[in-house]
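Labels run A, B, C and D following the written order; every chain starts at residue 1.
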Amino acid sequence: MYNREVKLSGHIIDSLILPKALDRILDMGGDFKFMEFTVGKLKGDISHAKLLVEASNETLLGEILDELSEIGAVVVELKDVELLVSEKDKTLPADFYSTTHHPTEIHYNGKWITVEDIEMDCMIVVDKTAERALCRPIGQINKGDHIVVGRDGIKVMPPERPRGKQGVFEFMSSEASSEKPIESIIKKIASEIKEIKKRGGKIAVVSGPAVVHTGSGPILASMIKEGIVDIIFAGNALATHDIESALYGTSLGTCVKTGEAVRRGHRHHIYAINEINKAGSIKEAIDKGVLKKGIMYECIKNDVPYVLAGSIRDDGPLPDVITDVIEAQEEMRKYVQDVDMVIMISTMLHSIATGNLLPSHVKSICVDINPATVTKLSDRGSAQVVGIVTDVGTFLPMLYNELKTEQ
Amino acid sequence: MYNREVKLSGHIIDSLILPKALDRILDMGGDFKFMEFTVGKLKGDISHAKLLVEASNETLLGEILDELSEIGAVVVELKDVELLVSEKDKTLPADFYSTTHHPTEIHYNGKWITVEDIEMDCMIVVDKTAERALCRPIGQINKGDHIVVGRDGIKVMPPERPRGKQGVFEFMSSEASSEKPIESIIKKIASEIKEIKKRGGKIAVVSGPAVVHTGSGPILASMIKEGIVDIIFAGNALATHDIESALYGTSLGTCVKTGEAVRRGHRHHIYAINEINKAGSIKEAIDKGVLKKGIMYECIKNDVPYVLAGSIRDDGPLPDVITDVIEAQEEMRKYVQDVDMVIMISTMLHSIATGNLLPSHVKSICVDINPATVTKLSDRGSAQVVGIVTDVGTFLPMLYNELKTEQ
Amino acid sequence: MYNREVKLSGHIIDSLILPKALDRILDMGGDFKFMEFTVGKLKGDISHAKLLVEASNETLLGEILDELSEIGAVVVELKDVELLVSEKDKTLPADFYSTTHHPTEIHYNGKWITVEDIEMDCMIVVDKTAERALCRPIGQINKGDHIVVGRDGIKVMPPERPRGKQGVFEFMSSEASSEKPIESIIKKIASEIKEIKKRGGKIAVVSGPAVVHTGSGPILASMIKEGIVDIIFAGNALATHDIESALYGTSLGTCVKTGEAVRRGHRHHIYAINEINKAGSIKEAIDKGVLKKGIMYECIKNDVPYVLAGSIRDDGPLPDVITDVIEAQEEMRKYVQDVDMVIMISTMLHSIATGNLLPSHVKSICVDINPATVTKLSDRGSAQVVGIVTDVGTFLPMLYNELKTEQ
Amino acid sequence: MYNREVKLSGHIIDSLILPKALDRILDMGGDFKFMEFTVGKLKGDISHAKLLVEASNETLLGEILDELSEIGAVVVELKDVELLVSEKDKTLPADFYSTTHHPTEIHYNGKWITVEDIEMDCMIVVDKTAERALCRPIGQINKGDHIVVGRDGIKVMPPERPRGKQGVFEFMSSEASSEKPIESIIKKIASEIKEIKKRGGKIAVVSGPAVVHTGSGPILASMIKEGIVDIIFAGNALATHDIESALYGTSLGTCVKTGEAVRRGHRHHIYAINEINKAGSIKEAIDKGVLKKGIMYECIKNDVPYVLAGSIRDDGPLPDVITDVIEAQEEMRKYVQDVDMVIMISTMLHSIATGNLLPSHVKSICVDINPATVTKLSDRGSAQVVGIVTDVGTFLPMLYNELKTEQ
């Protein structure tokens, strides 16, 4: 029998980490013995377990340890991470380690160092000189990079379910349902936002054009103006319809005030793009007095950065849109690590894109009228995202109202 | 060639009645000649067309006339309706006429008489003594009833699309979409409601339990108390969760204020039923001081009638529930003909049930977060229903707010 | 400190029963000590834990024990159940015990007796003479019934997740998604069905009319004829459209072969009801040679029982429909306890109705194109139901094909 | 009064073109007189109408003519189109003409010339030397281009509804519903495909990764191999999961054969990208014997072109992906004008992108389990697309089966 000692500690009982670990060991055909087991009893107390994991062959033992590492188990007998060199740009050595979006440390040169810019489905590149560990997507791997392989010396710290206090992230089951008391959910989100802002935290909004179509554009613009929103991730459609709505009062040709279709209104978004193209950029259109209100206007007036990522369905696009999607991802990466909360509104595309880049500690809310959007987000790994199935056209006004009245 | 003259009049051009008629004649293999054609040009003007419809045999001619009658064409050479006698309860003679939900008249004893209580998929029973025409479902046909058969002497008056003024029923396409400016839609509905109330009209609400689950129960209760709602159609679930929420603050065991699951809360709806059963009825529970607020409370306190129809999934049910569905339908029939507007909220079952009973002139709104509910309602014949895809938890508070502030 | 010893045994580690128990104790403000703890290591081995549960007052201790009892914990120091008498029909004494749908035993007169006909949200009535415990809904409680109250002497046995073999009920997460390999899911269901039939088990189908609308009626009819389906739960709509389709080739007026709308076809379902009303019942229509094929035909020809429950949206209804929903529930109760598997197809109403009556050991599949149907079923307590988001029009043909070819 | 004569001809009665024209004139406050009106009576006959359109001022008359031109009315007194010059790249002169996706001609130098590469929301650029009219998106307008402005000399030919024969594009209402007989719909699509292939037509498939997730990848691969599919539009996700599935048997880490989650399977798509990156491209991976089957394999082996457009959510991406979305659009434009039919499967993003580029004569089918996808496609102008609400995991196998067995 091959064996190895692993340690688990934290709220491993109630966060279900220990039972999951035991379950997987048995499921994979391994076995275990408890070496130590201390259960923390008070709220906040921590439990410890030391297990001897056993398997009939070395490969199986490796696979089991691999699984356990993902849920936070650490091999007791410490080894340094193993490194192999990439032989060609954008390629990886065999058995490379693929990251989770949880905080991760590697044991290198005898000490634990934190992996910077953690993000899921990436690789860990070690800068030997600086003794730094960097999380990098495959597209940024360069020939000669030292890449972590195997499973030794890696520590993953999955988030634990906090006991007691029920914030919006605790009380909502991940399963999205429209049959929830939406006003109280909005109240909780508002109070979470206020807490984040009070301590100087940052809030990102990822938004599809439905925010404008449903008439909530001015609300989002106010939230930017008032410093509630610190960064916008969106696409050409949001910006174009926001500008269309600022210039012509319509969105996709429908009057956003009355909801009535405007004659020839379906041409307005091309008019809007034409005006910005004439000016040179959104900023220049503002400087020239062409654009005087709206989401994009408030972003520029209040130095709130935005990333407009191109998509294959874009008309135009606006000059501010980054048409190369990999460049756009890089631009988004500049902001995600600093963000405390992300509110994703009515955009499966940009929500999944942002979800891919987010560390697991960032509180994320996905608001969509379609429950499938939330399900898909979870299927793609962003299980920490709280899904709210509601109408964005009513969600934003009510959230904003709550943010104002409760202060 | 067999032929027959038919007349069409009204806004037959812009309501597309004339082109549809011509189209169907050709499609079915018939032919036509224009005998007269006057186009109304001013807003409100009426057009007239007299057509000679031709077909190669009598059956085909009959079928074509049959089709045309449904869209409002009237055979010029007037004949009385043909009547046949039902030979057994709940059965019909061959070739019986099946009603639409549009206003309908029959030519009987040389004059046009209105069919009373018009409703789709029913039969016309003629009371020869009183010279009255009554719309009856198959389940209410008695042996010996005189039933309209064939297609002579029947005039159907489908609604025309009014020109000019855009109420909510005109500007919304029937196709339900969540990407509409919801606040302006709510404003239009509010103004429609206020107009109806001003002229003494009646408003029915058909509601599923989601109104309570999403926390909007108190809003609906206020709308009843303030005389906005004149009749409630619902099921055991709405009433039970309303009472659960009044007695224990929960709905399906979830606190409607905080959205948090309450320990053992899933038993509360049985507690609620138990309390009403002890008292004897909802009214007695109010009289005894057990039930002190909520939707059902306001109905009883304000003499707003309600029909609670049983369903196969009911727990309990409450003593006020009519467990026989055919009896419940009869009870609903007492109210639908007098209603000016119906607001259907989050219940496919009761919405389709109500839609089946409604004359086409009743303005109907179906609010649901699921676009499929609205599509199904249309598939089942209630094409006049305006579908609004939004969250009921936010719809009712915003509608109520609009009703209060705009007065 | 108040305390009580409880025992947990079974696959309490990997079915997450033990950690959930510890978690709830701490969450509710109680405390625990491990008295014994044996972990089963081999597949199939059983773990045992004996805990001393502590709380600062007796009420809290009671509440904690209450929670624990639901997940299968049994108080070590055995007491008999406490009984109180109902003082009025359909009413319950305070603190009555509300059942889960898991197998349940009560300790009465010094021994464990099984609660018969277990069903969720019901009460346990003890027949003192016969020493039997019967599960009864509130509507069937009679004055004088002895009803279990409190929490002593009750043992609930929640199902455990089996290790190893992955049947369809194990490998599918409860979260419904349309992005799953549907052919392999159908294969697994087919093999599960064949296994059940081989050992003489019974399969119920709960079906909405979409089975007929989508053209799969003949498939379901074949499954009945060939003895695969043992009982049908449905409503008037399924039966009416099935008969419409047998008599006129249409469903809701659309030709089920070509998908084209048939002229005047929307009257066919009334014709169908008329024909059955003339004959007197579905059986008589078959005896008279009027009805010659279809789902209802095969039910009657093959002595497969059916329960047609009335609903408020019914046209007609057919004479075989039980229009009183409480009577219809009672009729369904006659069958559910004997069933091994339930396949729910495209009907939220009848699926929830059936889910309410099912013991948790019955394997249940809910097939619907709308993910919300499955979510709602879970929200209402039927968490054991496996949801499959697919098109019923393609599901049944593929399932049937699989059932035939793999034999 | 200002007036102008316009002509309408074709199936203007039954395609509702004439009544719509009259309706809009009145709605906008104009008036009309019939100068000529000949109704075609036999199937295939054509109707002609000459109308004098009147308005109280010139602007209004212009607006009315503008509206009429979109539905196919042609001003009788012919003028040449008016041209203005673009003063800066990507910008347009005031009052530029924005195209529909219907066949369009312009009157230039005294004769009608066809606008090449017609596509919605674009501009008409006139090459004066070559006397050619080219449809160009705003992003491709160069300084100095001669651009059509105003409304003179433009003829739009919207498609007419063919009478009689009911192909899949005629019998299906645009409203997407899951309650349709899916097998007969699939049969009709199959026969449409066979007809197109028989006459040498081209079929494009636009597909999301759900085709692979649901296990239908091998079916699509066969359709490519057998020459049924002539061009593939997709994104990185489809290609990556197709290759993942070819190399490791999984899609998003789920085994496509058994539907079971594979340990560490969520890393497989990175492995797949790594393998292609190592080889250099998909083609090189095939040449080196790394990739041996699947959708992309068959594309390359059978010279079926593909356009893989980048998106902001891409992992990797594969070297074959065009990461600049505007370049990717250009690549798609090379193929769309030649295509006879487009089948869009489970991808809102790429479906809308393709819909934007398609001329209205291309038969388009959008298959999605979510009815909202189809609704959104229509909202964005692609009203000619037939929506089929079904499960792609069952749709493709049944379609392929139909294509094979009916030959």
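Quick note on the criterion: contacts are C-beta pairs under 8 Å (C-beta built on N, C-alpha and C of every residue); 3 or more make two chains touch, one makes a residue touch a chain.
Here's who's who by UniProt: A, B, C, D = Ornithine cyclodeaminase.
What you see is a predicted model; the values in this text were computed from it and never measured.
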Check: Among the remaining chains, which ones contact both chain B and chain D?
Finding: A, C
Note to self: Farthest chain from chain D, going by the mean of C-alpha atoms per chain?
What the structure shows: C
Next item on the list: Let me have the rounded angstrom distance from the C-alpha centre of chain A over to the C-alpha centre of chain D, please.
Entry: 33
Margin query: How many angstrom lie between the centres of chain A and chain B, each centre taken as the mean Cα position?
Written below: 46
Notebook entry, point to check: Where the centres are mean C-alpha positions, what is the separation of chain A from chain C, in Å?
Noted result: 38
Notebook entry, point to check: Mind pulling the chain D residues that touch 2 or more other chains?
Noted result: 178-179, 252, 370, 372, 379
Notebook entry, point to check: In their complex, what parts of chain A are in touch with chain C?
Noted result: 13-14, 16, 18-19, 22-23, 26-27, 31-32, 34, 39, 41-43, 163-164, 175-179, 371-372, 375-376, 378-379
Notebook entry, point to check: Where on chain B is chain C touching in the complex?
Noted result: 28, 63, 66-67, 88, 90-92, 96, 98, 121, 137-139, 235, 252, 263-264, 266-267, 269-270, 273-274, 277-278, 309-317, 319, 323-329, 332, 348-350, 352-353, 356, 370, 372, 379-381
Next item on the list: Report the residues of chain B in contact with chain A in the complex, numbered from low to high.
Entry: 166, 171-172, 178-185, 188, 210, 213-215, 251-252, 254-261, 369-370, 389-391, 393-395, 397-398
